[in-house]
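Heads up, the next two complexes both have subunit A, just with different partners, subunit B and then subunit C.
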Partner chain A sequence: MVKYLFGRVLGGVVTLFLVTALAFFATAFAPGNPASVLLGNMATPERIEAITRQLGLDQPLPVRYGIWLRETLLGNLGTSNVSFKPVNDLLLAAAFPTVQLALASLVVAVVIAIPLGLILAQNRNSWWSRPASGLITLGISVPGFWVGLMLIVLFSVTLKILPSGGYTPPSKDLWLNIRSLILPVATLAIYLIPSVVRFVRVTAISVLREDYVDTARAKGTAPAAILLRHVAPNTLVTTITYIGLQLGVLISGAVVVELIFSIPGLGRLGLNAVLNRDYPVVQGVVLLAATGYVAVNLLIDLAYALIDPRVRAR
Partner chain B sequence: MAQAETIDAPTQTSPLLDVRGLSVTLTREGSAAALVDDVSFSLAAGEILCIVGESGCGKTVTARSIIGLNRTDPRFTLGGRIDFDGTDLLSLSETQMRGVRGAKIAMIFQDPMTSLNPLHRIGAQIGEVLRNHTDLGSRAIRERTIELLAQVGIPYPGSRIDDYPHQFSGGMRQRAMIALALACSPSLLIADEPTTALDVTTQKQILSLIDGLRHQYGMAVVLITHDLGVVAGIADRVMVMYAGQCVEAGAVRDVFRAPQHPYTAGLLASIPAANRVRTPRLPSIKGAPPVLTEGRPAGCAFRPRCEHAFGACVERPGLEGVDHLHRCWLPEAARAHLAVEAGRVPA
Partner chain C sequence: MTDLATTPRPRRSSGLLAFLIRRSPLAVLLVGVFLVAAIFGPWLAPHSMTDTNLTVALQPPSATYWLGTDPLGRDVLSRLLGSAQVAAQAFLIVVLIGGIFGTALGLVAGGLGGILDLVVSRLVEVLQGFPTILVAIVIVALFDPSLTNAMIAVGLAAIPDFARVSRSVAIQLRDREFIQAARGLGAGELRILWSEVLPNMVGPLIVIASFDGAQAVLWEASLSFLGMGVQSPAPSFGSMLREAQGYLAIQPSFAIIVGIAVSGVILGLNLLGDAISDYLDRGGK
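Let's turn to the complex of A and B:
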């Protein structure tokens, strides 16, 4: 168990290190000079050179990476090239809406998708099983932004019951905060649900063919109890791993949803930073997203060990 | 005809299990295949009946039909009667059948490595049967479970009860499965090749455990095997199945001494036992049994592999005999010679 977790944490640290390197060098090699973007119309060769020196961009790459890595490890992600605010503050402000959006969507998606997948697996032989599976395939092929736009048309434009965008922090007004998140969360959840349902359904159907399900039936256990006691936990073991992998989908989906619903989250911050060649902010966003991804997957490995005694034995 | 197609248990009272004209049809992608075709047998309380035959001859399907594991599967159609303790199991509703499963009829499976849920403790899996069929409280269930584990020879049952399946060896898992099957003292135990996945020394232990427990619990056992050595060691009666049909059935002693069907003779000849007449090479039956989902051979299903096949075999033979039944067209003199072929008597 300790060995297993130690291995996972070590793997996570290595992943993060590789991501920092990637984030740094990808931006360093990107075409375009931040100094000229910053100066815009006022750019002259002298000014560009001055700003370049001021930003430390005249230093050799390895030196720049070393400095950046040291500062990052000390918790200092630098200042924005555009707004000159500390990147730490920008990230902190943007992280809250994104985390709120992502977590709420994930919870909603999982709470709906897992029971749905199990029920579909249990009733795999009934007449509505095929049409339902077809509907799920359709759901997987629908792009997330389209769902978001349709929801806006329906609930904001036609019915006028929910805001079409914007974000109110919960510290200001909890009710408005919830209202502002309903459509974004629905969009992201609808985007996630079909693939999770399909995964759960396929996994549960193969679990239903396991010998221990026959054993449970030979014990005289009722089908609903077999589903809950034997099929669901065994399905969950693989499903949580799948959900961990879906986190990437969730992050990229959050970027799109934040843009559609104009939520001041990490996605919008990152995208604007890319467009402005605001490299310290880009690097900060990538680093934060990667850390979140690694951290959640570590939590999933932990949950895995909690469900499966064979993992604990390792 | 239906009267003749039975192996009646040699008791005066009505048998515990009486299967009459059981047929199981698998319908898949529009085509139907008879996996079990008009099989009848009966079994008295406390008896062991072995069902033998190669893979794919309908042994497992027959067993699963008795305990009703395939009755809710829409691909399977079951016909005939399965009278158990005076009730036709096929006429029961699924809810009524759940009350029988685990309580009066129990089953153990071929592979103990996969027949226990890896995520639940051994004790919880055995306790589940007791919770299904008794009013025992959790403490009483635990006590009974420890008692059962001790009975099947698990050392330190008081602590092993909280182990997970992966902490048990294959033999111990099969012992745990037996404990699970015994929990509600069933009157019939179905064991589907319970030793096939185990190593040889463990096989013997498990079989003698089953044999001992049937005496102790007075339960009847339907034991599926393809090992005739096992049959000789443990069974009272034997039914040989081929292509979904019973081809020979009777008391073990009779069938082994004087096999009446070339298939049985072939199976007997291929046992590498010490007491048989030695041949330079271990004989085997050429070819493979028909895949029933691809169609059954016309006439006698064994004809394509039979060295004795003659003109009459294009017709489907019926089951003949009184106590020792056989389904073969060969005249009596030729059938008498099969014992020599089986290596039971010197030529």
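Let's turn to the complex of A and C:
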């Protein structure tokens, strides 16, 4: 298990290294000399040169990367070019809505998708199995953000029972918070469900073909009991890893959903920063989201090792 | 795809087409309409794709404007035809980047093995699943929002898919008789990969191209919707839906029509991937 975990941690470190390099390049190669941007209309050639030396911009790239990495690890992410607020504060304020949205959507999606996938696997030979698979393919093909727009048309415009956007923090009003998140969470969950259902179905079908399932069946165990006691646990172990892989989809989806429903989260922060060329904020958002992605994937790998004795033994 | 290695080289394409029409007529229909729209769109369009006319803004479908008009009075059908062309460009960029780099990496890793394979596999494992949106954000922040820049990010995300498949096929083929025969005749390893192994993985690669092409269309729509891809006034599925969002209460049919069109394209490509995969599983019969 030590070797397995070592490999995973190494993979995480490599990813983070690539990400920091990516985020660094986002500023290092950004158009415009940061020194003259910083000085604005007070810029004179002497001052620009002084600031350039002070910031270490005259150093070769690897050295600059080292300087930048040290500052970043110390938590110094700079200030926004647009609002002049510290990037740390902006990230902190935006992180909560995003985490709330992503977590709630993931829970809803998993709670719906896993039983659905198991039921589809159990009834794989019934007449409705093929139409159900067709429906899953349709679900995978429909853009998630369009589903969000349609939910707005249905629930906000036509039925007028849910807000079409905006976000209330739970500390202010929990009920309004939940109401403001119903449509965004539904959108993101609907986006995730089809692919998870498909994965659970395929995995469970292959588990159903295992010898120990035949043995249980021969002993006279009821089909429902086989599904719950033998198929579900073995399917779940693999599904956890799959959900880890879907994390990138979840992050991408959250950005779009935040834009549609005007949720002041990391996605909207990053998106506005991109369109305003606010490089320090772009960098902060990319770093934070990527670190979160790597950290959660590491936790999933750890959970996987704890659940599955075959991995533990390695 | 039960056994990739026994997959024969694709037979005559007429056999494949006949199979696809039998197996998944919907896929053939949807992809066919998409291709016709993408290639002949500019000639088929009944109105201008970009000329605005505010006196006919946001009209419902009618005899003049079959699918209605957008907030600037442009014909929705004509702009959808233009969007199909943009989606096809997105498809090509993504599949070319993913296909060339991914296949080369997988082929070399699987075919030569050793430390190279270890490094490539780890890298693929690490990159697979990484949030595409973050890569897109960095690329678009550095350069400009445009179709090509947005699709480069999506193409990079497609590399692991192609690498995984080509690597597994290369490993299955590595020690087969015809490869050993070529080796015995004195062919170099790289030459064997190029002229013996690569032609035998065309089938599985087409399947991946179809699925990743569907993803490319989806991502083009998403990134253009976010303002990171195609910029107005150029038509694209995503930029049209972005325009539609502000008018959901006034003319929802605009958003509904565009959404159905883009879903149809993606569904067609996904179904096509499934059907071709079936065809290969049955040994092309």
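Assorted remarks:
The working rule: the second predicted complex is superposed on the first by the 272 of 314 C-alpha atoms of A that agree within 3 Å, B and C clash if a C-alpha of one lies under 4 Å from a C-alpha of the other, contacts with A are read in each partner's own complex, and residues count from 1 in each chain.
Note that in this section contacts are C-beta pairs under 8 Å (C-beta built on N, C-alpha and C of every residue); 3 or more make two chains touch, one makes a residue touch a chain.
Quick caveat: nothing in here was measured; it's all calculated off a predicted structure.
When both complexes are overlaid on subunit A, subunit B and subunit C end up sitting side by side without clashing.
Legend: residue contacts after superposition of the two complexes on their common chain; A:153 is shown touching subunit C, with no touch to subunit B. Contacts of A:14 after superposition: subunit C is touched, whereas subunit B is not reached.
Touched residues of subunit A, counted separately for subunit B and subunit C, are more numerous for C. In the superposition on chain A, no contact is made by A:306 with either subunit B or subunit C. Once the two complexes are laid over each other on the shared chain, residue contacts for A:259 go to subunit C alone; subunit B is not touched.
In the superposed pair of complexes, A:63 makes contact with neither subunit B nor subunit C.
Residue contacts after overlaying the shared chain place A:50 against neither subunit B nor subunit C. In the superposition on chain A, A:222 makes contact with subunit B only, not with subunit C. After overlaying the two complexes on the shared chain, residue contacts for A:237 are found with subunit B alone; subunit C is out of touch. Superposition on the common chain places the nearest Cα atoms of subunit B and subunit C 13 Å from each other. Within subunit A, no residue touches subunit B in one complex and subunit C in the other. Remark: subunit C residues 122-123, 125-126, 128-135, 137-138, 140-142, 145, 214, 218, 221-222, 225-228, 241, 244-245, 248-249, 252, 255-256, 258-259, 262-263, 266-267, 270-271, 274 touch subunit A in the complex. Every residue of subunit B that touches subunit A in the complex is listed here, in rising order: 67, 69, 73-74, 98-103, 106-107, 109, 111, 114-120, 125, 128-129, 132-133, 164, 166-167, 177, 180. Looking at the complex, you find that subunit A touches subunit C at residues 11, 14-15, 18-19, 22-23, 25-26, 29-30, 137-138, 140-146, 149-150, 152-153, 157, 164, 244-249, 251-252, 255-256, 259-260, 267, 270-271, 273-275, 277, 279, 282, 285-286, 289-290, 293, 297. By the touch criterion stated above, subunit A contacts subunit B in their complex at residues 125, 210-212, 214-222, 229-230, 233-234, 237, 307-310, 313.
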